[in-house]
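In the two assemblies presented below, chain A is common to both, partnered first by chain B and then by chain C.
Then we have the complex of A and B:
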């Protein structure tokens, strides 16, 4: 393996990793604050991509308007799902799992019916390739990675520097005490799930022009998101970022050195090693 | 009065009997099953089979076998390209719906169903890429009605590599039995080309994968002139082409998938779609029937006809012809009759059976086969050969 090849592989891995982080962040946020594993997260990601296709490509809306509409709809959907399904079942772990799996299956099945089996495409937001020091990277991937990084920073600031973030951390720590101190946990829960859905939908909207889209595209993403969240530590933003980058690099360099099958083994192997040595994840709390 | 009432009653009863009696010329139903993916990523293949068989049924109309009249009904069973669901569908077709003939799509599902087919002697109109593992002497009622991967490779590889100046070939295919089997066939075939071309490397992807950056990077380091994408679906081929071009690759892509549409590839890969070569795509209609079916399909179903439509049409017509010739629906007798026959009415051109030496049984369709290339966003003809196999 030459240095140029290794450098190219690293760049691909880092960029892919940041894209994984964007989707996984929503998952870890929802779990961290409201302790719900959202199995419908992959479908939200897919619907974000489909939303951009329907509004921007099929209906011809300008991209900023289509993106704003998709994000607003995903936020609203998150709030609605929290109020209608998650809130009444809070504290009942199994029922919550069944509910979110049910939502996932319904969303996916309806999507196959509504959108059909044909792959859809979204034209590139930023066509072209940039080359530097022998490394090539698509501008649309750089754009997606840049937006994802900005969002990670913004989310970190939200959670650690704002009153809302303080309320989120209080509820995560001890919901009952937080309520007694006047924190509106229902409002925080709605906001958190809305934000989680928004992040997933944004992830889908950003990768829509990079890959083709179909109603099944959320499956692989949700699997990767779960692996990242487990390795990083459920509820830890820093852990999710680290794990996402690690997985992206492992996949890329592993495939480069040993082939795509070996890359899959490396990723799952890393997850098993972390679970054995540090079950709470890299940055999770015991 | 009594006589009047009696007469009126007899007239009424006779009238009712006449009105409700089945017509003297009513036909029985000959059911053909369509056991293929009708939803999910493989739906285009299954829907194509359904439409092709339905159009054939319309053209055949009512046909006679051993003095009885029959009309064809094509019944769909969605397998979602899943072996377990295909087993369930086949059992339902055989034992609940009394179906003895059907299309079954996919080499990947056949491992699970071949024992059932052998035991029940179900007549399998097989559409799939795999070779000897499915069509062989142990499965006398399985006929492959589309070109197999090894048939395509043996028909086109040497000629096209020479024509296009391809010297170094890499393989990027699905990580399943088909991909692993096809790469062996390709490697062996290239080995027989005596230095004309070299097989430089292989890698695999999981079906449904979207990112091929790392495996492409690995293969591109080996400097291939051509990347064989095996029987990957349209979306996958488009993404491979797009991502390979973004990494600087300028060579050819070869595809043996049954359904490969230029527009989605061009939409996704842009100029990167140029130099994508498909073995089974006709850029120009090979027969008037092919063109008529395409127009009819557009009118009837409101969408363009895709790859499996023509193969399913040809298969349905040929099998019914064989049934009529055999004078029975007994699948073993029909299989013998079919294997010994040729068929002039296939949309691709004259059809016959071959591969007795390679597979141990004459169960591989042989028709004219195309190779087409995308140039400036459209399919253009590259080569046409008869896919003969010994």
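Then we have the complex of A and C:
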């Protein structure tokens, strides 16, 4: 592999990685507060992309309006799911996880029925290609990565600098004590799930013009997100960011060297290595 | 209770003789799914959710397929090897993840199921996207089990083997030790009296995967075909749905869940998406409204009256 190709793989990997981080961070946040891994997360991502197609391409809404509608809808969906399923089942982790699998199945099978299996395409938000140091990259991907990076930074600030973030960390540390000290844990939980859903939908909306869209696209994303939270350590924001970038790079360089499917296997291999050497994840607490 | 068991045994043994071929097919699929679901149920009882069981089933099925078509060996050798391969894979991932919280296990097994499928799809020597076709049916006492009726009895034998194995395992010291692992506190208690709980859990998972591998091999020879489109995430979730809908209260739960939903699925829906939609709606309804599953329905009705 030449140096130029390696550099190309590295850049694409970083861009993909930060987008993975956006989706996986929602998972980690929700896990910290509601103590479940949300299997429906990939479907939210898929519906984010699908929503842009339906509103922007099929119905002809201007992009900002479509984007705002998708984000508002995903937030509302998150709050609704928390109220209807996660709250009544709190404390029963098995039922919670299985319920999220059920929600994911409903969302995905309904999408196959409604949207069909035909691949859908969204025209470019920002056409053009930049070239520097022998690396070519679509402006689109840079835009998506820039937005994702800003959001990840914003999220970090939210968790560490705001009252809401303090409440989230308090609940994660010890929910009972937090409640006694007056933290409204129900409200924090629904806000967190809403936020997680919004991030996943935004991830989907950002990549809508980059990939073709179909109802099955959530599965690969959720697979990568799960591997990322295992490698990074569940509940750790820094670990998720680190693992997301790592996996993005590993996958894209692996794909250049051995092909896309072999790259997925390579990523799984990385997960196994981490499980052997550092089972709690790079930044996880044991 | 013994009379009820006798009736069930007689029905299982004799009913296919009296029914049309299509009903025999449904009975075969029900038995196959019931055997898989028992393994999923076994893990759920311990508090471990396996969302990649199809990956272990696929290991068994592909072992059988490759042994009988590529090597040209007797199907029985493949059927004998399949549980070893699947069991070893289960033991491996189990030993890595059972020291961690349960959710790590669920996520890793999910990832494993997807990767197994991706590997079979990616490697041409393992069949690639098209899979492996042309599996022979095994022969018993010189008779190839070609008809649905003859194959039904092989499937019945395999299902009984898987079911009895895991049922008996529950009654051993090992099985009782496993039931102490449902909460973190109980697990710490078990560890304090010297039970190496992660090792126990890894072996339990290996046993469930071995059962899945055995039935996977029998399944493959029934279909005469294996391919990446069969052993998908949706298959894994179906099994979890069967177990949860049937109820985790006793061994009858996964059997009832698998039987009712498989028969329903085979009868009503030809399009996969509608099937998983209906399964998922039933699942959510059961979780929210009838936490004990179908198993608890008679009791619930009695109390309501």
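The rule is short, and it goes like this: the second predicted complex is superposed on the first by the 280 of 286 C-alpha atoms of A that agree within 3 Å, B and C clash if a C-alpha of one lies under 4 Å from a C-alpha of the other, contacts with A are read in each partner's own complex, and residues count from 1 in each chain.
Just so it is clear, contacts are C-beta pairs under 8 Å (C-beta built on N, C-alpha and C of every residue); 3 or more make two chains touch, one makes a residue touch a chain.
If you're wondering where the values come from, they're calculated on a predicted model, not measured in any experiment.
After overlaying the two complexes on the shared chain, residue contacts for A:273 are found with neither chain B nor chain C. With both structures placed on the common chain, the touch criterion links A:121 to chain B but leaves chain C unconnected. Within the superposed three-chain model, A:259 lies in touch with chain B and with chain C [touch as defined at top].
In the superposed model, A:9 lies in contact with chain B only, and not with chain C. In the superposition on chain A, A:153 makes contact with neither chain B nor chain C.
In the superposition on chain A, A:138 makes contact with chain B only, not with chain C. In the superposed model, A:65 makes contact with neither chain B nor chain C. In the superposed model, A:212 makes contact with chain B only, not with chain C. Once the two complexes are overlaid on the shared chain, A:112 sits against chain B and chain C alike.
In the superposition on chain A, the residues of chain A contacted by chain B and by chain C overlap at 112, 219, 259, 261, 264. Interface of chain A with chain B (complex): residues 1-2, 5, 8-9, 12-13, 16, 112, 116-119, 121, 127, 129, 136, 138, 211-212, 214, 216-217, 219-220, 251-256, 259-261, 263-264.
By the touch rule above, chain B contacts chain A in their complex via residues 39-44, 175, 203-206, 208-211, 213-215, 217-218, 221, 234-235, 238-239, 246-248, 264, 267-268, 270. For chain A in complex with chain C, the touching residues are 31, 37, 39, 85, 88-89, 93-95, 97-99, 101-103, 105-106, 108-110, 112-113, 219, 223, 226-227, 229-230, 234, 259, 261-262, 264-265, 268, 271-272, 275-276, 279-280. Within the complex formed with chain A, the chain C residues making contact are 44, 47, 49, 51, 96-97, 99-104, 106-108, 110-112, 114-115, 118-119, 121-122, 233-234, 237, 240-241, 244, 273-274, 276-277, 279-281, 283-284, 287-288, 291.
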